[in-house]
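Presented sequentially are two complexes of chain A, the first with chain B as partner and the second with chain C.
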Partner chain A sequence: MHNIELEKIAEFFTESLSQVLRMMAGFEVTSIDCNQSDETSMKPSIMAAMILHGAKDTIVSLAMEHSTAAVIIAYMTGVLPEELSQQDLFDGIAELVNIMAGEVKTMLSNTPHHFLLTSPFSIGGQNLELIYKESLPQVCRRLMAGEMEIIFQMAHI
Partner chain B sequence: MDRELYGPFVTSVIDIIKEMTDVEIEGMDSMVEEPGEIPSLGISSIITFAGGKKGRLLMDMEPTLALHMANTILGEQFHDVKDHMVLSAVAEINNIVSGNAITLINNRLSMNLRLAPPVVFAGKDAIISIPKLSSQTAWGNTVHGRIRINVAWEGSVG
Partner chain C sequence: MNILSVDDSAIVRKIIRGAVEVLDGNLLEAASGMEAMDVLNKEYKNIDLILLDWNMPGLTGLEVLERLKADKRFRSIPVMMVTTESERENIVKAIQAGATHYLVKPFTIEELIKRIMESLGRGEYRDA
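This part shows the complex of A and B:
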């Protein structure tokens, strides 16, 4: 469902994520609408998500392959990718969602779109996919930095 | 305080599942600290709450139990645990279980907690991780498969 407000708020999130990745890891990130891009061959194996309490409850999520998570978290923590445990990756991308949501929360604090954060959670598995009811307003963006790819999704629930 | 924040979820999951599906949960007598990653039994639903304190309930079960409960509630025969109706049924059970527990907690402790809609996912060998939160798990057995609930609260409880 097309929803201009959700699209605008999603822009805040992807911009915030791009900025975090630029500052903490030195990546230049480009973002495109999932529907406007070719089907990706990326098979997400790790995902972090957070529910946002607001006038409309919303879920935001980041999904990527383990190798992408390892590179990002390695840059963020200064620990070599091969030395990161699975728990480090789960914690790291959940923290990424936390940072991103915290920044957008501040930006929207005095607007009708203000929201409360909840605890982020991570899921690991093969070929992860988030599925929403089709009628729900939702946004999907592919964020790319070199060969790395992250899927950002946001939906009212 | 500790018991008042965790106990209502155990009571609620036993009572609501019995009431809605006539399935008896046995063995859910105690809760144990859950360290780090939680390997899913097959189908899981997470519901978060915020207000006076932030927390979340993870309800995790074997696919056979999820299918039985969905078939009973919806009066149809589903065979695929990833069927949208099965996932919705599990999410709805979690919603009712959490709503019931949160109402009890709000009434007793005036915490003004509010639920977010549940998120449900299914998959083999999925691992769930909630960083920086200590959590308590209660395991239960039914004739249709195992179930567990995992409750976590942010900050100190006690």
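This part shows the complex of A and C:
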């Protein structure tokens, strides 16, 4: 379901993520609507999400392949990708969601859309996909940095 | 120099470890407020600086800070908040509770090193 307010807030999130990736990992990120892009061959194997408590409770999530997570976390920590453990990747992507949500929380602090953070969490598997009921307001963006791809999703729940 | 990092994110502690190693320091770690209190009870005489996250399960960073400042053994150890909480109101709360510095995530390693040096009163760090 299309929702203009959610679209605007999602924009804050993707801008924040771009800024975090630029600052901590040196990546330039472009973003497009999932529905306007070609079918992706990316098979997410790691996902991190956070529930935001506000007037409307919301879930935000990032999904990507392990190789993408490893490169991002390697840049963030200065540790070589092959030296990062599985736990480092789960923890790092969850922290990315935490940082992104923290920034947007501040941006929206004096607006009707203000929210509280909760603890971010990660999910591992194959071909991960979050599917919300069609009737729920939701946004999906594909974020690309070179050959790396990240799926950002946000939905009121 | 001995620095205690209190953060429930292992990856943030790893980033901080990288910065502390550049400064030839030693990092002690705690993944929660309660763990931090345990480390402090044993090691407080050797700790030069505490880097404290805000949002953690159990005791929040602010609650840890309040406990530190209420205990004369720990009161003089400088505390830098390292957190995603960047609302002015929260920054003021932390400073009023006794934090000496406040660093908002995300940050670069260079910025972190600079702020650690400032918190320790050791002047300016210059990247080689």
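Observations
One rule holds for everything that comes next: the second predicted complex is superposed on the first by the 157 of 157 C-alpha atoms of A that agree within 3 Å, B and C clash if a C-alpha of one lies under 4 Å from a C-alpha of the other, contacts with A are read in each partner's own complex, and residues count from 1 in each chain.
The criterion applied here is as follows: a contact is a pair of C-beta atoms (placed from the backbone, for glycine too) under 8 Å apart; a residue touches a chain by one contact, two chains touch by 3 or more.
Given the structure is predicted, the values throughout are model-derived calculations rather than measurements.
When the two structures are aligned on the shared chain, A:Ile59 is found in touch with chain B, with no touch to chain C. By the document's definition of touching, both partners, chain B and chain C, reach A:Asp91. In the overlay built on the shared chain, the residue A:Met24 is in contact with chain C alone; chain B does not reach it.
Looking at the shared chain after the overlay, A:Cys34 reaches neither chain B nor chain C. Once the two complexes are overlaid on the shared chain, A:Gly125 sits against chain B while remaining clear of chain C.
After overlaying the two complexes on the shared chain, residue contacts for A:Ile51 are found with chain B alone; chain C is out of touch. By the document's definition of touching, of the two partners only chain C reaches A:Lys105; chain B does not.
In the superposition on chain A, contact is made by A:Val79 with chain C only, not with chain B. Residues 87, 91, 94-95, 117, 119 of chain A lie in contact with chain B in one complex and with chain C in the other. Every residue of chain B that touches chain A in the complex is listed here, in rising order: 36-37, 40, 46, 48-50, 54-56, 84, 114, 116-117, 119, 121, 123-133, 152, 154. Within the complex formed with chain B, the residues of chain A that make contact are 49, 51, 53, 57, 59, 86-87, 90-91, 94-95, 116-126, 128, 130-131, 157. The part of chain C that touches chain A in the complex is made up of residues 8-12, 14-15, 18, 55, 57, 83-87, 89, 104-109. For chain A in complex with chain C, the residues that touch the partner chain are 19-20, 23-24, 73, 76-79, 87-88, 91-92, 94-95, 98-99, 101-103, 105-106, 109, 117, 119.
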